[in-house]
Amino acid sequence: MKSFYISDLRPGDDLVNELFLLQDVASRTTKNGRPFLLFSARDKTGTISAVFWDVPEHISSWVRSGEVVLLTGRANNYKDSLQISTTDLIQNTTSQMAELLPSSQRPQAEMIAELRQTIESLSEPWQRLVSYILLDKTFLTQYANAPAARQMHHAYIGGVLEHTLSMKTIADFLASHYPYVNRDLLIAGTLLHDMGKTVEYDVAGSFNFTEDGRLVGHIVRAIIMIEKAAQELGDIPPENVQQLVHLVASHHGKLEWGSPTEPKTLEALLLHQVDLLDSRVQGFLEHAQTDVDENGWTVKPSPMFRNEIKRPFPAE
Amino acid sequence: MKSFYISDLRPGDDLVNELFLLQDVASRTTKNGRPFLLFSARDKTGTISAVFWDVPEHISSWVRSGEVVLLTGRANNYKDSLQISTTDLIQNTTSQMAELLPSSQRPQAEMIAELRQTIESLSEPWQRLVSYILLDKTFLTQYANAPAARQMHHAYIGGVLEHTLSMKTIADFLASHYPYVNRDLLIAGTLLHDMGKTVEYDVAGSFNFTEDGRLVGHIVRAIIMIEKAAQELGDIPPENVQQLVHLVASHHGKLEWGSPTEPKTLEALLLHQVDLLDSRVQGFLEHAQTDVDENGWTVKPSPMFRNEIKRPFPAE
Amino acid sequence: MKSFYISDLRPGDDLVNELFLLQDVASRTTKNGRPFLLFSARDKTGTISAVFWDVPEHISSWVRSGEVVLLTGRANNYKDSLQISTTDLIQNTTSQMAELLPSSQRPQAEMIAELRQTIESLSEPWQRLVSYILLDKTFLTQYANAPAARQMHHAYIGGVLEHTLSMKTIADFLASHYPYVNRDLLIAGTLLHDMGKTVEYDVAGSFNFTEDGRLVGHIVRAIIMIEKAAQELGDIPPENVQQLVHLVASHHGKLEWGSPTEPKTLEALLLHQVDLLDSRVQGFLEHAQTDVDENGWTVKPSPMFRNEIKRPFPAE
Amino acid sequence: MKSFYISDLRPGDDLVNELFLLQDVASRTTKNGRPFLLFSARDKTGTISAVFWDVPEHISSWVRSGEVVLLTGRANNYKDSLQISTTDLIQNTTSQMAELLPSSQRPQAEMIAELRQTIESLSEPWQRLVSYILLDKTFLTQYANAPAARQMHHAYIGGVLEHTLSMKTIADFLASHYPYVNRDLLIAGTLLHDMGKTVEYDVAGSFNFTEDGRLVGHIVRAIIMIEKAAQELGDIPPENVQQLVHLVASHHGKLEWGSPTEPKTLEALLLHQVDLLDSRVQGFLEHAQTDVDENGWTVKPSPMFRNEIKRPFPAE
Amino acid sequence: MKSFYISDLRPGDDLVNELFLLQDVASRTTKNGRPFLLFSARDKTGTISAVFWDVPEHISSWVRSGEVVLLTGRANNYKDSLQISTTDLIQNTTSQMAELLPSSQRPQAEMIAELRQTIESLSEPWQRLVSYILLDKTFLTQYANAPAARQMHHAYIGGVLEHTLSMKTIADFLASHYPYVNRDLLIAGTLLHDMGKTVEYDVAGSFNFTEDGRLVGHIVRAIIMIEKAAQELGDIPPENVQQLVHLVASHHGKLEWGSPTEPKTLEALLLHQVDLLDSRVQGFLEHAQTDVDENGWTVKPSPMFRNEIKRPFPAE
Amino acid sequence: MKSFYISDLRPGDDLVNELFLLQDVASRTTKNGRPFLLFSARDKTGTISAVFWDVPEHISSWVRSGEVVLLTGRANNYKDSLQISTTDLIQNTTSQMAELLPSSQRPQAEMIAELRQTIESLSEPWQRLVSYILLDKTFLTQYANAPAARQMHHAYIGGVLEHTLSMKTIADFLASHYPYVNRDLLIAGTLLHDMGKTVEYDVAGSFNFTEDGRLVGHIVRAIIMIEKAAQELGDIPPENVQQLVHLVASHHGKLEWGSPTEPKTLEALLLHQVDLLDSRVQGFLEHAQTDVDENGWTVKPSPMFRNEIKRPFPAE
């Protein structure tokens, strides 16, 4: 679909109606009063800075961060980096985000099928409640695209779903490994615990926090969604809702990590431990893909672990 | 109404159908197999331990913590303390909690009047939303009776309302002292921020945490109540609800103090600071009423401040 | 074997050559100069205080904490508690510790069989190294009896092995769930990580710390044992030893939790996470067996979680 | 008075005897041995780097950070920034600091009048003690010019006085809102608590710490000033001095925030809370004036709150 | 002088005009209205509780904590402990505190001689300043009696002086071991750093904090004393005073340990390190004198180190 | 030996077979496909960046970080900094590291002599054990060259030995100053405590961590070396080894500072305190040599103390 990806751009490349996502859009004026636009163009392979001199009125009227565009221009060297000198921008609405932002390596359809199968395995009232929330068509799309984080781990399209399904598999195993575990409650909590992230990050805007992410946060937002669904369904026993809310509320494990309450039931404890385990392992594997030295140690310390870590797989 | 208060009991006092609240009820059996009941009897002046030998079936069937009773028995010395040897218990439902538990010194009617007046001072949609929640007759009773804490500060019937109104007066002052403050939002947030405490503590049971207090907590519960009210009213702008939820969510000020998000708007910052100020001052004044030495220093360190503090008022 | 267990003792019971473990032995003299011995007698059901007046020389010469004895005496009430008035003590060496101290509920033979099977599943050089250390006959006995902790979790005979095998099952699952995991290294590290606890706690003395536990600690002791074994075997590649030492050294996960280094390889990270998970779940389940109130909440906060927790299984 | 302000400078502007404050003055030599002077020129609108080649002896002899000068030179572009090529510097002593450094927006005369009025409202001996210290003519000038901080809040000329008066108004309100407050002590403490900042920051040198600010600090310095004044006045009761010293010593509220003792009296607690409130609110409002995105969120996290915050007032 | 010491008292001992220090004095009344006095009698060997029934008016008028008395009465067993039944108390003013409170094992005269010698070794102006403060006759007595702490280390009469002299010897050694150390400044700071403790603890009242200790603290008090002395002497260079104040202010090393500023000069760093070293070693040696088990480990964890420690000397 | 040192290089200088250490070696290719090598050349006076275009195969085959070379090329200005344009590199193996890396100012021979003398002063079995480890010829060379840290303090060749000997002198003094100190144990522990640093840092590679430093760390490595030596010697009493291991294990003093156990014996406490003292003082003196302002304060805060500090010696 795209002719050029940012990671392959070379000085002198000419771009014609090339698909990009706009970010960090800023209007500026030179000291002599000549107006120009600075922005970042993004696709799934990276980000590049761009400039557009003397933007015509019919473009400046709609241009802003988060827009998808067809860009015409040329790649030049500017201060030791590549920059795109832009000559035209056309608004575009039909593109697939997967070309523009990094995505999970698991196919989305496969993940959604696994999700549906898992929901079907739940007994009532869990199945009714979870499917009411997650299988709503509009919401499912958002849910299947949400990133799990801005950085650190699963910070890409589909990250929430990939992380959720990995946790689900582990949770299922532990529900049979340990005694007394309410498997339906644990799996329901696992599937719903991060769904608030659908409104926490602005997928089209660098995975930045949204207004709701800043003011409310994904934990409280998910709880509100559960309570609303239970109210609309009408027949979910209050104790079940309360238990489920507890799992979501406490899944970060500690107050200082953002949970308004700490795990006090066996399922809440398991959900927290599995979340911790999966995000740590994924954070490790993702950081291990950054630059390593000749002995396989990452050059930079992992922001999650504060140490340099050793890559567990051979050089590519 | 009551003939004896616990703080005045003497060995040998005979109690006949005296009003008490039961707490810490436990069934026990001696090594020889004789059954007896241990419990605490409570009124607003204190708590005393009690024993009831060979409890008849028609009493043991209903007796439990939180029941209000008319007790017949006698105060005896037992191991250096007073204990009531109980001979009869009659279930009672009409008593006033104010006789049985410590209460705010401000008359409840006066506080409710001040609350109504404050709500009337709010512009729309705040007035509609806040009155819909707080002036609901059933809820208002709970709200006006809730303690603000289990210990530390305002740990008595009416404590939430007394604390809320004190904060409201300060918040009103600061809304005019500082620029840019949205007074209606700040006052609405002040009135609602602790309402979740109506379900957090078991008023009849030593102010212990309830199931909901443990699993959900007063912050998240209040948010759920606001969202539900907004949904039922139908016409409250979502931005207003979001702002208000932010105030409630962040009023503890820091994640490690139990807030799932930290204050990010001016009104949220003010609400947190006023809550901190009022609870600290009240915690200081309450601890200053405990035993002091001859120089006016409390004998024990304040659990809130970790230090002994100096009483600011003369000895009684 | 035993006629009386401490949990069943009643005032007036006469004990004749009853098997106990001595603890907290202290020689005292009354103000009038009469000598007596104070000690605790322990069996798997609990601990009881005991006194022995005018101990004859042939007994006082060997009596000390950690001795197993046949005790003759009588159970009396003393200051509201039971106490054994002792009249004779006979040194005993053949008793089974399982009668005297709490034990894992898993049969030891079954656990050892599972351990052997796991070691056999390892590829070389891991299998040679691990079996050289763990399957040494003398050491295996200590290892199979060691408690995993003094309190908190798995604080009973066989606790280390039970905990290790539970972790092993989870580790095996995760080795196939996540990519790039060196399963042999992870399982070897799992089996060896807590073996230093064989010398950290004094099994016969209330699970107290030993001299080595205080001065060296189980992490460093295990590392010394691995290095010594590798030196004696002579042909274990140094990189393998280094990797394994890293797993043991870092399994507490953080410096402040006692690890001299933090996990920097994928297997070290997994070992730490699985250790954390299994000890937290077990600590939860053990605390849930303490007293609960009528709603199933533990009366005391868990020392591990700082909160009261909800029992996940029905009342007994 | 000034013809050019730094915020308005353009490349090519010629400056003739323009008033600036010198900062960061450093003598350098090129690899070829040609001497030059690097420095920053500052006025109330900002800071600009400057260079002066081949400085004549009669200038190099006195030039140093903190001097006020009349500068002649030209603004040039150098490495993407503006730099002043200086050709002459004349020492100047009569300028008003208000042209050279950022100042409070409240007129100084108005603030001093409010200060005098407040002091007059105090009863004795507080009035005598406070006026002896603050109304000393020399000291009052320093006090009215001192910044409250190097950054974070009230970091401008007059910041201490503005902050102090805002706190005074709130303290006065709280003295009547809460019972048992000694209003005179609280107001006296409020007026004096930050006076040590007159010697903590070098007003003419980027608000950097002075030798005394580094070695002694503003809290201890203020206490020394109070003790010295009390000694000179001779008749202030020692208990009053001790109480006042306690307020100053404890106003940061916690040891880790630099107070050598923590608040143990009601007035000390109130002073700390009001200081916290006013500095937080002012820190919020100041950070809200930095760059915000299109939704009104600051681009950078507040150094005081660690989060991005939402601007409470409309865009300029 | 004394006929009985508390550590040797036996039931039945009759005391006639025996010297004690009164502590924890409290007037009580039985339920029947009979008045009595409860108090602790203290001498250098320990503390014992005492009761005095029907205290005559001429005694109750002056009796209070901190009084030294000649006591007449009898030692009885009461609830498993010894208690003195008192029949007379005579006020006494001439006794030596060394009989009544634990003291340093170094003779006071020897320590004062060493102090004088050290002061004489200082160059000017340090010698003049330090001797003016410490060799003042009244102050020297207080200084030579002050305890260094309430518990933890050197918590006995003369503790400050003993600790100071030990630090002085180490500081002297380090002043020659490391380069650039101003020995006079370091020794002067060492001698003065804890002198504020003369007013921080109430030597006659259980080493409790005094009003000044609570409100001002020994660090700030010592600084005030230095500033006052410098002002009275008139000719001490301000830089010297400032340096010395910095040493005293920063000697706890960190803000959270109560220092209002942290060490920023070489001498301040050394003073802090030597203080830390000497108090830790002394705290270790003192705790090692508490009960140990058969392997020489203290039974209780050290409050300073949080661990049980190993006694470095043989059993007595 | 060398003709040019990096600190003296000027643009245009021609280097012929000049001795350097290679670091940060990286192979790169221009966009046009021309290969070049980027690296840092280091000598004891500093580091300079270098470029080598079109590296011939016989050089690229061996070139890597840590190699010592004879370099031919020319110093040029490149982007405001000096850079060496390299034309030839010859591998070199005989050079002295002291020309290439910063070294202790104490002559190595002198330090080794002092070390030998100290070991001779130890009684048995300490002397035998310590000399067996440290006086091994191969190891002694590594030990005498090891840096004590990567930054912060003693971060230069010979730093471990210099730091160790300074600590030894202080420890010797304290062993006589305090009672009950086992001087031989303390000195043995002092000499061995940091010997693991011989394998923790890569002396030839910027003092970076080695594989062993990252996975095992210097504390555990030193313990393994002690245990191995004791095993090889065969006749060192186990208690002595255990005591010594405790000193090494606990010398960082706290778990969060990387010690797997905390000091529990008098000698372990002393070793920790002396290590803390000497590293703090040295860290202070080293930072004091960085840039200072006109009042002698360092321009940057010390990474060890977080504050700017005052230089204790006059300007050079």
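As written, the chains take the letters A, B, C, D, E and F, and residue 1 is the first residue of each chain.
Here is the rule we go by: a residue touches a chain if its C-beta (ideal position, glycine included) is under 8 Å from a C-beta of that chain, and two chains touch if they have at least 3 such contacts.
The structure displayed is predicted, hence computed values, not measured ones.
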- Item | Chains in simultaneous contact with chain C and chain D | A, B, E, F
- Task: Find the chain most remote from chain E, comparing centres computed as mean CA coordinates.
- Result: A
- Query: Among the chains, which is located farthest from chain C on the basis of C-alpha centroids?
  - Reply: D
- Query: Which chain pair is joined by more contacting C-beta pairs, C-E or A-B?
  - Reply: A-B
- Message: Between 0 and 180 degrees and rounded to the nearest 5, what angle rotates chain B's CA atoms onto those of chain C?
- Response: 120
- What is the distance, in whole Å, between the centres of chain D and chain F, each centre taken as the mean of its C-alpha atoms? 44
- Item | Contacts with 2+ other chains: residues of chain B | 211, 214, 264-265, 307-308, 310
- Task: Work through the pairs of chains, note which ones touch, and then classify the graph as line, ring, star, complete or other.
- Result: other
- Every pair of chains that touch: which are they? A-B, A-C, A-D, A-F, B-C, B-D, B-E, C-E, C-F, D-E, D-F, E-F
- State the interface residues of chain D toward chain E in the complex, per the touch definition above. 211-212, 214-217, 219-220, 223-224, 227-228, 231, 242-243, 245-246, 249, 255-261, 264-265
- Residue ranges of chain E in contact with chain B within the complex: 31, 64-65, 209, 211, 214
- Message: Could you list, by residue number, the parts of chain A that touch chain F in their complex?
- Response: 10-11, 294-295, 297, 307-308, 310
- Note on the structure: chain B residues touching chain D in their complex are 166, 169-170, 173-174, 177-182, 262-267, 269-270, 273-274, 276-277, 280-281, 284-285, 288, 305-310, 312-313
